[in-house]
Structure formats: C-alpha cells, structure tokens
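Taking it in order: structure first as structure tokens, then the write-up.
As written, the chain order gives the labels A, B, C, D and E, with residue 1 at the start of each chain.
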Amino acid sequence: MGIFRYTKLAYREPDEMLFGHAKFPVSAHWGLQFGAGYVVPEVKVAPEAGSERSKEVMVKECESIAEQAAGRAVDIGLPAFLLEQEHVYQQTHFPDWGGACTRAQADVLERFHNEYGIKCGLRQTVGDTRLEERGGLRGTDYDNEIAESIEQCAKNGASDIAAETMGGKSVLDYGSMRGDIRAILFGIGVLGSIDMEYFWKRAVRICSHYNCNPAGDTNCSGANSVMYIAGGLLGKDFSHTGAALARAISAARSLVAVECGATGPLKDCGYENTIVKAICGVPIAQEGKNAVCAHADVMGNLTCQVADVWSNESVFHREEMGGPTPGVWLQATGYEAALMNTAIQTGNAKILRDLYTLTDKYRDPQGTLLAYDNAFRVAGAIVEYGKDPYLRARAAALECSKVITEAYDAKKLMLTRFELDSLNKYTSVLEGLPMESERFIDECMKEYPKRIPTFDPKSYGL
Amino acid sequence: MTLDWESRENTDFVYRRYNVIVEGPAIKPEDDKDVKKNMPPKEPFRELALAVIHGDSDRAREATKTALASTPPLDVIEKGLSKGMDAVSALYAKGAYFLPDVMLSADAMMVGMNMADAKLGKAREKKGTVVSFVAEGDPHDIGKNLVVMFLRSNGYEVVDLGRDVPNADVVSAVKKAKPVMLTGTALMTTTMTNFHHVSDMLKKEGISLPIFGCGGGAVKRDFVESYDMGVYGVKAFHATKLADAAVAGKTWKDMRKEYPKIVGEFVGEYADRL
Amino acid sequence: MNPRERVLSVLNNETPDKVPVTCFTQVGIVEAMEKLDCAWPEAHSDPTKMVKLGTSLNKLAGLESARIPFCLTVEAEAIGCRVEMGRIDRQPSVRQAAFQSAGEVNIPSDFVEKGRIPAVLEATRMLKKNFPELPAIVGITGPFTLSGHLIEIERLVKLMRLKPMEVEDLLDKVTDACTAYAQEIVKAGADVIVVNDPSAAPELIDPLSFKSTIKPRLKFFTQGIKAKKVLHICGGATPIISDMADCGFEAISVEDKVDIAKAKELMKGGARSMFVAGRMTTTQARIVKIAGNVSTAKTLFTGKPEEVRDEAKKALQAGTDLLAPACGIAPRSPLANIKALVEARG
Amino acid sequence: MGIFRYTKLAYREPDEMLFGHAKFPVSAHWGLQFGAGYVVPEVKVAPEAGSERSKEVMVKECESIAEQAAGRAVDIGLPAFLLEQEHVYQQTHFPDWGGACTRAQADVLERFHNEYGIKCGLRQTVGDTRLEERGGLRGTDYDNEIAESIEQCAKNGASDIAAETMGGKSVLDYGSMRGDIRAILFGIGVLGSIDMEYFWKRAVRICSHYNCNPAGDTNCSGANSVMYIAGGLLGKDFSHTGAALARAISAARSLVAVECGATGPLKDCGYENTIVKAICGVPIAQEGKNAVCAHADVMGNLTCQVADVWSNESVFHREEMGGPTPGVWLQATGYEAALMNTAIQTGNAKILRDLYTLTDKYRDPQGTLLAYDNAFRVAGAIVEYGKDPYLRARAAALECSKVITEAYDAKKLMLTRFELDSLNKYTSVLEGLPMESERFIDECMKEYPKRIPTFDPKSYGL
Amino acid sequence: MTLDWESRENTDFVYRRYNVIVEGPAIKPEDDKDVKKNMPPKEPFRELALAVIHGDSDRAREATKTALASTPPLDVIEKGLSKGMDAVSALYAKGAYFLPDVMLSADAMMVGMNMADAKLGKAREKKGTVVSFVAEGDPHDIGKNLVVMFLRSNGYEVVDLGRDVPNADVVSAVKKAKPVMLTGTALMTTTMTNFHHVSDMLKKEGISLPIFGCGGGAVKRDFVESYDMGVYGVKAFHATKLADAAVAGKTWKDMRKEYPKIVGEFVGEYADRL
C-alpha cells in the first residue's frame, strides 16, 4: 500500500517561512496551538538516575518534573509551554508505566491550566527499543510494546506522540565511522525511509483513536549522530561538510512521518526540520542556543529561524542554584520564545529571523545548508524526485553540495582543505551513484549485509 | 523608543501577569477561615493575638500591659500572643502572609513576650534550646536569621552563633548549650563542606547526637545526607516543626524518612518520601 | 620481568621495571643469518629458519624481541602478486601487481592458506611454544600498502581523487583480509601484531586523506583484534601522529624523522571536546605508547656503536616508551650495533 | 578628601544607549575591548565543592574552568570572551591563593590567545569577607586581606577587578525583611555609598600600579537580595514594586565606584547598571536569560538592552550532557552575544534592543523601571542631586515610583493590589523624609543602632 | 533574505572559523598567489593551464581540441599546458599539492601534449634526451616516476629504465641514448651505493660525461658528491631545470656549485651555496 508523497513545496518562496507560523497549524488540548502565530517554549528533562527502580518512583519523578516546570512558567509569566517527556526504556517497555507517567503529568498540567489559564501541552516521545540484531524491527515483542505504549500515552492525556526511530542505524553507523557517504545515504535515505513508513503508519492509526496528535520523528540516530561525531570547529572525526550532507539526506527521510499522517510539531532535535517544513508546512520544534545543556552545535541562533516550538534538550533532573532544572530550562526557552513573540507582535519578526539566521549562516557549513533560503532549495530538490525515497535523498545531498560550494565560491563561507576535499570526494561519489533505486539497492545489498553483522535486511523487507 | 509597541503588541502572547490574574480581593487576616476557627474568642487574649497578627509592636505593648494587669503572664503568652503567632504561621504557610509580615509579627510577639517574662520574674521554661550558625567562610545569613526568628517566636531558646562561624566554635557551643537540635546554613558549594567536618567533630566528641538541619542555595539533600546526623531543611519555618519533632524524641534518621509528615506538607525535595 | 613481560607491560599501560629494548620492524641481519644458518631467502618461507632468524638478535645481542617475518610481501603474494624473493641482503619485493583495477580486486576467502602464510602461522606457533619468555611479534602489511601492492601504488593514489568510492570499497575489502589474516596470527599465539603501512606516510598521501580514508579502516581493524597492536608508519609521520594514536593501537612506532618529544606533545593536543553518544565529553586525544627510533639507515647501519648508544640515549630522553630501531633493520647492519643498542639502556 | 560626583548624564537621550556601545570604552590585555562596538560574552563558574581543601586543588580547579571555557569558545567560533572568577572565601582570605589561581587562569587564556588569536579577558571578583559584627569594615585583618588579594590578582594577570561589597547590609537586611523602605534607603543609599567610597578609592589605587582595570561593584548584597526575596510573579515575601524602589536606590550607590575611578565593565549582576551607564557611560556587564542557572529574574531579555558584556551567573562546576559547565554556559552567553553582534553589524541593533526591552518592560514593575528609557529618567533624577548621596538615592526612588505609577495609570503595566498598595505606602514614606542628609542620618541613627545588633556605625565613620 | 548581510557585516565580530584560522583556508589552486602571478591571462591558454592544474584529463582534452583549432600546437604546449604544470610544481613545493594531485595533473598534461604532438605531425623537437632509473635492488620508484613525468611534460625525451635496474643496463642505455643527463633514484642506504658503481663504469667506458642527478630517501648530498658526475637532486621538479642547464652546457661541477640558482629557489640542502 503506497503512501502519499510530496512533489510540491508548501511555500512559494523562502521568505514566507517564519518562526511561529506554519502553513498548517495544529491544535492540542489545554488551549495550545502550534504554528498559529506565536512560538511555544518547550522543556524536557531526563528522569533522575535510579528513578527507574519502580513504577511508583518513576511516576513521582515525572510528576515532579511537570510540577516544577509549570510552577516556573507561572512565576515568570509564560503564556504557554509544552512539556516533553522522552521515555526512558521502562516507559516504553512497560506500557503501563508510560500510561501512568503520562497521566500524572497530564493531571499537573490540567491543574495549572485550570488555575491560571496557562496554555500547555504534553508530548510523550516513546523510545525506539527495537534492535535489528534482536529479531529485527518488525513484529517482535519490543515492536509491539512500542505500539502499546503509544496507545497508553495517547489514552492518558498526551497531547502528542513523537519518536526518534532508528531504522537504518546499523548501516549508518558503519558509514559514519568510515566516512562512507554511500552507506550513509543507504542507511538514512533508503532504510530509514522504509522503516519510517512502517512505524508511522501504525503510530498515526493508533493516535487517531484518541485526542492526541501524531507529531513526527527526527533523524536523531542518523544525522545527529554524525553531527556529534563531527563535533566543534576543531573536531575532525568527521568533516562538517559531510555532516551537512547527512543532514540534507535526513530531511528526505524525516519527511516520511508527515507523509504517513504526522501533523507536527516535529521534534526539536531534527535540525533537518527547516527543510521538512518548507515541503509540508507543518509546525516544527527546534533547539539550539538553549540546548547547550546537551549539544555543542554550531548554529545556536539559526535554528530559531522558522521554529514554532523552541526547546531545550534533555537535561539531568537535578538542582541548579537557580532551582530545579525543569524550571531553569523552561525559563531559558521561555524567554527566547518571548523575544520571538514580541517580534511577531510588533511586526519585526522577519528582521529577527534574519538576524538569527545570519548569525550562524557562515559559522559552519551545516549552518549554510540549514539557513532557510538554502534549506528551501534543498527542499525543492527533494520534491523534484519526491516519489522516490532514494532519488530524493540523493538529490538533497547533491543540492546541499551545490549550496555549500556556491557559498564557498562566493567567498562567504570559508572552508578548510579537509572540509573542501571531503565535500568534493563525497560529491563525486554521490554523482557516480545510479539513477535507479533498484540498482542502488542491489549494489548496496551486495556489499553491506556481509560487512555489517547487525544489519538485518528483512527488517526493511529486503 | 524606536519601536512603537503599545499600539501593536498583543502582550498576551509575550507574558501574562498571573499574580494579577489569580489574586482575589484582599481580606483582613482575622477573617481568613483557618485563622477564624483558632482565634481566642475572649479578651484580653483576642486583642493580644490580633496585635501579633497585625505585626503591630505598639499595639502589642499596649495589649500586654493591659492584659498583665489581670492575667497570669504565662496565659498572656500561651493563650494570647502564641495564638496570634500560630495564626501567622498558618497564613505564611498558605501564602497569604509573607516574610515582612512574619518578621513584623515576630517583633510584636517578642515585645509582648519580653514584658510577660519580666513580670514572671524567673526564667520561663523554653521548649528547648537550639544552636544556629552559618558555615565558616559563608556570609549568607538571611536564611539563618529567618530560622532563628521562627524558632524564637515558637518558644525555643536559640543560641545564634552568627555567620562565618569556625567549626570548633560550633562544637563547643553545642557542648555548652546541649541543644535539641543544631541548625547550620550554607549557600556556597565551597562552604557547605564544613557541615561534614562539624558532623565528624561531634561524632568524635561522642556527643549525644543532636539533630542537624541544614539548607541554603547550593546545598542539596544528597549532600546533607552524605554525613551522619544531617537532615536537609527546606523552608525556614520547617525548623520549628523539626525542633518539635526532636523534642518529641525523633532522631535524625526518623527525620530524613518522615520529613514531609513532620512538616505537614508536600515538599518537592522529598517527593520520594511521600 | 622477562622480556615478554616487560614489553607487554608497556603495552598494557603498566610500568615496566625498565624500558624495554625491542624491535617491531624487521630484524634479519646478514651476520646473524650466517652465524645461525637461517639466511634469506629461505628464511622467508621456512618456518624453522624464520623462527631462528626472528629470535636471532635476542640470542646474539639480547634484543627483547622475537619478530617475524622480514618483508612486506607475504599477503600480496598469497593474494596473487608476483614477488621476487631477493637474496641474503635484499628483501623480497613485489614485481607485478595482481590486479589491473580496483574493481577487479577479489580476495579469495582461503588466501590465508596460500603462499607463505602457513609458514608464518607455523612459525608463530613455534615461537609461542619454544620462546615463552620472548614477546611473539608478528608483522603484517597495512591495508593501504597492501592495496598498493595489489593494484599498483600509483594507480591507487590517483584513484583516491578520481574514484574515491572505488578506493573505499577496495580498502574495505583489503581491511577485511588484513583482519582475517591477523586473527589467524592471534590464534596461532602471537602477543603483538605490528601493522606496517608505509605507503600511508605523508610522503605519499596527504595527512587529511590519512585521516578521512585510512584511519577509519585502521580503527576498524584494531577493533577486531584481540592481541596487543602496534602501528608502524614510516617517513615524516609527524603530521599524522595524533591520528595514528587515535586508531586503537596500544603503541605507535616511528622513524627517526619524528621527534618523539614533539610527538607526545601532539598527542596531548588535538580535539578538545567531542560528542559521544549524544554527550559532549572533553577528550584528551588518546595518548598511546611510542616505540622508536634509532636510525636504521644511518646509525645502526653505518654508524659506530658509540653513535648508536648516543642516539639511543637521546631517544630515551625524549621519552620513548619502547627503545627500538626506527624501522626495518638494514640487513648489512653490524651485530655490534645491535648490541650497542641493547646496552644503551644501561 | 572628596571625590568627583556626577551631575550630568553621559547621553543626551535614551536612544543613544545601545548594547555593545559605551561612551567610554575600555581596553584590556589579550586584545579585548568593552563597549567598543561589540558585545563580549562572559562566563563564570563556582569552584567545585571540596576544591577549597588546599591551594593546589583550588588552582587546578580554576585552571580547568578556564581551559574548558576557552576550549568551547574556540570550538564554536566565538571571537571574544571574558572569564570571571568570583572568589570563594579562601581566594580572598589567603591572597596567595587568589594570586595563584589568577596566574593559572591567565596562563590558559594567554595560550589560547596566542594560538588562535581569540580575544579574552580575566575578571577576578574578590569576596567581601569583612563582617560588621567582627571588628567592623575598616582596617581589620579581613579588610587588609581584601586589599592584598586585589593586588595579587592584579599582579598575576587579571584584566580587571570587581567586587560585590556589603556596606550597609546589616541595615538593609533589617529593612528588607520588614518592608521598611527607610531602612533600605539608609542601608543602601547612605551606608552603602559611604562604604563604597572607602573600598573603591583603595581598589582603584592598587589597580593603577598594574595593567589591570578596576571594574566596579554591584549592589548584589542589597538590591539583589531584595529582588531575590521578592521572587517570581507569585512570590510575596517582598513586593516587586518595593524591589524596584530598592533597585533605583542601588543605582545611586553603585555609581560611587565609578566616581572613585572604576572604569567598567560593571559587574553583571548589577541590574541597576543601565541607570549607571546612562550617568557615566562606562561599559557594563549584564545577566538575564542566560543566568537561569542561578536566578529566576523576571526580565531575561530586557537586561540585554544596553549590555556590553553578556554573562551567566555562577553555576556548579560539573558535567552537563553537553559537557562541562564552563563550556556550556559560555556557549549560551556566546550565542546571545553573537546575535547582538549580528544586529550591530547589519544595522539592526536598535530594533533588537527594543525587542529585548519590550519583551519584559511590562512583565513586572522591576522591568518597567529598568527599561532603558525609564532608567534614563531615573538617572536624570540622580544627577540632579548628584552631589548628595542620600538625596540622589531618594530622588531615584521617587522617580522610580513615578515611572511605575505612570505606566500603571496608562494601563500598560498591570499591578496587584499588594503591589500598588505597597508602592503607595513606600512612596508616601519617601516623600515624608527630610531634604537634608544630616537630618535623615540623625533620625536613622536614633533608630537602627539599637534595633540592629550587627550594625556598626563606626564602620561608616558615624 | 530580507536583510542584506554580505554588504554590511563584519563577520569577525560574530564568529571566527578557528579551524580555518589555524589550518589556513582551502583556497582554489588558481587563487594561490604564486600561481596567480604566473598564470597565462588570455584564452585559450588560461583554460589549458587550468585543466592541468585541476588534474582534469577530460577538460584538458576539450581545451586542447578547442585551442588547436586556432593556435599553433607548440604554443598550446608551451604557453598553456606547461604553464599549468609549472603551477603544479609550485603548489607541490609549498605543500598545497600532494602526490595524487601532481600525478593527475601530469596525466592531464600528457593528454594535451599528445594531441598537440599529433597535430604537429612530425615529431616535435625535444629539448633533449634523459635516461632515468631506480638503483639495483630498490623497489621505490615513485620519486623516479615523478622525475620522468616532469621531464616529459617539459619537452624532454625520457628513456625510463624502471626500478631495480642492474648497473650494466644503465650503462648500455646511456651508451645508446646519448642523453644530456642521467637520473638515478635510490631510497635505501643499501642500494644507493650502486650510483658509485655506475659512475665508475661510465668513467671506465670513457663515455663523454653525461650529467648525473640522484635523490631519494636515504641518499644525502655528501654521498652523491663523493663520486664523480654526481649531483644531488632534491625535488623531482628540479630535474627539468637541471636538464635545461645541461642543455645550456652546464657541467656537473657547475651544477653542484650553482644548484639553487639553476632551480631558481632556496634549497635547504644547498644552503651553503646561496
């Protein structure tokens, strides 16, 4: 059964894209909207180590996270916020834990909503507990638990469900360790897309039975892993130009969730979201300068450019001198969102957007790619080959290469030799790849299964 | 300003003043329903309590003078002034009263109490003695001052050692005063370690274990529970409940376990102990 | 500590009683071949002679090493290159590449049963059995050098620019082969595997290609090997030192062109912070042991024993963890110089 | 011996004030300037618990803080940064500790400056270890140690010296806990100003012998303590209108350091700095939305408005998932500074400034006061009575009251009954105070010495 | 974008790419300042040179085809392709180009040169003949191959004897080809001694003295100058300048003395001859 594929962009020109505004806004309970003309701050906090020792403790832990976040929101006057809980293993593995934790947090939010009229939302991000080498990705107990956990969360008050699935990870890891761009393309662009379709068709179906949105899925396991390996400006374990290519590829893959019916807001750590938003116009969450607790990315401001939800990244649940971390980090994202909202309300949003973008556009090639005007070009390349997951991923990478090369030629982006050489090398590899999906897959299937012990082709119907 | 704000902004998307949103009309403290039901109905006690509740030292002086003319000093304190202070604690706990209110009430209470004590002649029996200090090298004493104030106005004798107190002084004060509890306050990561030393020194002295409550900015429960006798204190007014518990024979181990029960409210830091 | 314990303690990151004097590169010298009846070219294929020659410098000079084989052509030959076996003072060399293009390269899975490989494995077993007090050190050809043997080094080098994917594929295949061979050697009882990858030196390919193309293979290789591992790359390896150190070898062995003190300094520098599994961690780039680096071309070969001693002392002062020749010992090097090297430890 | 007193403002109109621009820029070694057309990010981290156990450990600790901060700065491409070390007790108490720690950090910065050309600065903030109740503020061992510690830091490579002195604290504490505005005015405005003069004349003299700037002094112990007690929107231990008055008063006091020769950048936690900058045009550091680790203020964006240095607040020295805190928090402030610098370079700085300001101007009365246009008015009131520390502090408070009342009347700022009542009460108290400094002091001296056991009049020459 | 960035921003205040700062920017080869000043400014020569510099054989083929339509073949080589190769030498010398780059450029050069030669019809007159070899027992031939490549692309006829060449073969090749120069390469201490033998054998044959340049890993100048006719060659691309000098009548003794002048740059190994 085929799914809908995007072959057109949601916007006519890049300038139409703006933070707080999505072509297709989304509503959630407790009065919250996304992409409806204002930016919503988000906070997420990892449950404390040891809180997984029993269901009761975990529920209390989640409750106290919600309590501390909501308390601070009110204390500093935030009009709205989104609480995200990224599941620890047990919350997905034991669906009743997931349900109970969701319920506890939902109750807290409901109480604050009723008492203060504050708008709030509750995102539950299930863990992808499946392992290719343990029975494959489909139909195992692990796989079924995920579906159940989604259902429990949806039923118990989550306003949306997200995930960070790991399809293609075995091959991607192999590729990123060796700087093998073909393996990266195969892992993310082909295998990732296949698994996304499997995963999200089901997730969307489950959510449809409840008052709960299926949000979407980032390529955290893929493009983000590569970005981490690439590290800071002085890091050289993977070139930053290569990381940009992986990011472009990931957009073609993350799009699949939306094609299956996900509505957004897409999850924050999808740095590829700008590209996805250009294609399908759904609201997106993003993270950047207020995710320093977790990431040392090189585009802290740029990611604000078209964000509808502005988030931190998982942080330890503990005390800062300024209070417990749920409050501290919501305050951080809350203030940034407030600045964006002021800009919207005073009619200066596009100026602020461009300031954000320009601050990082040439700090690093990854920023160059993701600057919304360039992201828009990559989005265009994707929809041109929109029907074919492989070809659109390849096209994304090639357009990315063009974008970076042009910026370099125009002397706007400086590159080191390492960055330029690896870009050229990867580009020539990509250019040499076949124009037929089947042939590409055949070629890859000749190589990778024997090289990568954890790679399980039948998980992808191959 | 360069930008013309007022005309365009819908401030609702930027901030909301929840205090303005949720606050109802101001009511007189004595009309609060929890206060009402515990107020001494009869004079002179009612006036004594009211003077304390309103934090009016002059009024307290007058009321005490009047009351002492006809009433035993102990009753003046226990049936009048203390009832007022109880009401103040209740109002503080529910967020109707705040720090300045409490401080002023405490001042009023002390005025009356001193007068009653003077009349009594001999020293009135205190609930017990507490020693309080701020850790060596630490100048942050606001929290400690609050603790002392609450304890005093709740009938405890407090030996206030001040701030930046050498560990040895703490130990010798404890040896001398034989308190039911020792409160330490530290707000800095680099000064809180002194609690550990004091604990060790007390243990070495073989002193019968006093209870040891500590709180403040950088200090976290984990740390306080990493040495013997340490109990992590959260809010300054918890000190009185903890002292009461100590007098009632609770040990520091009990307190760690039963903190929320002892102070009678949900305490985030002890969420796992509920 | 016996020599084996001493060498292994360094590789285990423990403190030895004294700095070992050893050799990770080829040890055959004519003087020893003649004294002990284990001359080239026979010693390249006869396990008994191989063992004799491999341990000869221990026997005759006290060098703390049993090192086989003596050339870089074993794998190439097994895979199909034509090799000329040389003579008593000249090592074998590849005469003709086995393949015309990278795509053609096909390494039979049974190549470890071909050519002189069984001899090397047999010799390893004998070393293990008969010389328990010596570290059994077996050298193999590194993936890049071996790839060069298979298709011609110049063709390989050009392909890196023209058809990088072909090189990537080739290197993967060759790395797999190297791994398979090394695993056999480990099974046979070797204590230390030395990977010699001279063609990966900065003289031939730029340091960035080393980082982006070769380093990942070496990393992959080390993950599959359960013995101690040493990487030797010849030439002016200074620009790639920190990458060499970061491949997962317990030690790296360098030539006299490399200043050991500076190499240690470089290892400390490098990436200051990186992400690991979504976490940012501050990494001190991996600091590994360094072996070397008394010049084989000058001092050991043509120098006087005093000069050997002086240079060895300098290497010790510079902080070498394993005192050793800078590379393969020249066959006409006098035994007296090897003795001087051992004595220099004092 | 009198000191220079400001009787005129440094700027003609509020609009002249802008982040990254000071009328009197300051240079420091390692290529850094303040207020010279760009904003400098700052980071500060509290030494780890237990690191005070020996000098060696403390030096190592400080060194690693510097190392981690500088490493991240380079990794994300920050052009410049300022490292601040707020002394723990021992660094001031044992001046050789202070010197050794400074040296270690200076060496790290120097190395990075040489290797990468990054601009950096090192601020040492000595602790005010003096205690009124222990021999008073002047001439005790404690007092002398501070002077010595300043000298050691200046000599060993600090680029500037700051402090947060506590003059008047005894009386201020009494006042803030009782809502006694007169005590607050006396504590901060009179006693604080007297002690500042004593402290800073000396500090400026010491610094002048070295290549080290005397930076300045915040009223942390005064106005910040009050702000702290006032808490979030729902906090009521002290009214936020009252906290605003205390803040206005503190400007008249913090100004004294500059009058004694301090050059700036004034220390970050001085929320009163906008007012001080309006008066004397020196560069200022500020903190706000990136100080959430320590403060839950209600003006996270507003404080950016005219900042020349943008800072976090002391945070635990430990690991976040994103790395060690010195890097994490420098990244946070670094990205915000980058945004401001982009705005400056593209000619949009005034727009961004106003967005910052407007985001918080009416969130809370403290924001209303500190919005640069209003702060400018208060500054004007101060210089009108510039020669008299008491009168100018009183004038500042009264102007603040006017500012808030006007905003309330214009229905821009909403107030609760509690906030409005206390404002009115305090205002009437202030209005009733004498117009002669001597009379006011006499009155206070009749009251407070007997009420406040820790108050030591001779510490102020009274 | 709404904002016009490039014209206004001084990015230095916003970010600095420290990796670029410490490693140097990747500049296009034709933007290198030493290359720039020697590039032919006019077409078709510029394109020919660029094709060589970029090591792009296809481009070289196209460019040569186009150029030959309007330009004499000799100009195509000398004013176009060769200029490209000069640039490559410069880039290699300064460490911006590496072996693979040089080899690809050489390939491109050869493609163009062969086409030009074909067009020329008759064999282009070569500047002279050079014989090249790697010493007996030595398999290291990369350096030698570079030498051959540079010589060929600079208009010399090269007799390439390969590696591990018996000394006798060298001598007979010289007898046959009558070169202006003989280049030997050895990288091992154990093989370089062959140079000495070859020198002696040539002398013995009484052959008119060709010039004799050698270089390679273990070989040092002292050694090469220890026998007659030996000139120590440092970089492979020096071979062309040395050959030019030989054609111009310089003897091996002149070359030893004037090496840096002949190759036109500072050479560490000949520092004493500057």
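Just so we're on the same page, a contact is a pair of C-beta atoms (placed from the backbone, for glycine too) under 8 Å apart; a residue touches a chain by one contact, two chains touch by 3 or more.
No experiment lies behind these values; they were computed from the predicted model shown.
**Student:** Just to be sure I understand: the centre of a chain is the mean of its C-alpha atoms, right? Then which chain's centre is nearest the mean of all of them?
**Tutor:** Central by C-alpha mean position: chain A.
**Student:** Tell me which chain's centre, taken as the mean of its C-alpha atoms, is farthest from subunit E.
**Tutor:** Relative to subunit E, the chain with the farthest C-alpha centre is B.
**Student:** Does B-D or A-C have more contacting C-beta pairs?
**Tutor:** Higher C-beta contact count between the two pairs: B-D.
**Student:** By mean C-alpha coordinates, which chain is most distant from subunit C?
**Tutor:** Farthest by centroid: B.
**Student:** What whole-number Å value describes the gap between the mean CA coordinates of subunit A and subunit C?
**Tutor:** From the centre of subunit A to the centre of subunit C is 45 Å.
**Student:** Quick check: how many Å separate the C-alpha centres of subunit B and subunit C?
**Tutor:** Their C-alpha centroids are separated by 73 Å.
**Student:** For subunit C and subunit D, what's the span in angstrom between their mean Cα positions?
**Tutor:** Using C-alpha averages as centres, the distance is 62 Å.
**Student:** Where the centres are mean C-alpha positions, what is the separation of subunit A from subunit B, in Å?
**Tutor:** 48
**Student:** Counting only residues that touch at least 2 other chains, which ones in subunit D make the list?
**Tutor:** In subunit D, 46, 72, 74-75, 77, 233-235, 316, 320-323, 327, 338, 341-342, 346, 348, 351, 354-355, 358-360, 363-364 touch at least two other chains.
**Student:** Can you pull out the residues of subunit B that are in contact with at least two other chains?
**Tutor:** In subunit B, 3, 5, 9, 11, 14-15, 17-18, 22, 218 touch at least two other chains.
**Student:** Counting only residues that touch at least two other chains, what does the list for subunit C look like?
**Tutor:** 162, 209, 272-273, 278-280
**Student:** Along subunit D, where are the residues that touch subunit A in the complex?
**Tutor:** 46, 72, 74-77, 231-235, 288-296, 298, 300-301, 313-316, 320-323, 327-329, 331-332, 334-336, 338-339, 341-343, 346, 348, 351-352, 354-356, 358-360, 363-364
**Student:** Can you list the residues on subunit B that touch subunit A in the complex?
**Tutor:** 3-5, 8-18, 21-22, 217-218, 220, 268, 271-272, 274
**Student:** Can you check the complex and tell me which residues of subunit B touch subunit D?
**Tutor:** Of all residues in subunit B, those touching subunit D are 1-3, 5-6, 9, 11, 14-15, 17-20, 22-23, 25-26, 95, 98-100, 103-104, 107, 136-139, 141-142, 145-146, 162-164, 188-193, 218, 223.
**Student:** Would you mind writing out the residues of subunit C in touch with subunit A in their complex?
**Tutor:** 162-165, 168-169, 172, 176, 208-209, 211-213, 216-217, 219-220, 271-280
**Student:** Enumerate the contact residues on subunit C facing subunit E in the complex.
**Tutor:** 84, 86, 89-90, 93-94, 153-154, 157-158, 160-162, 203-206, 209, 297-298, 301-302, 330-332
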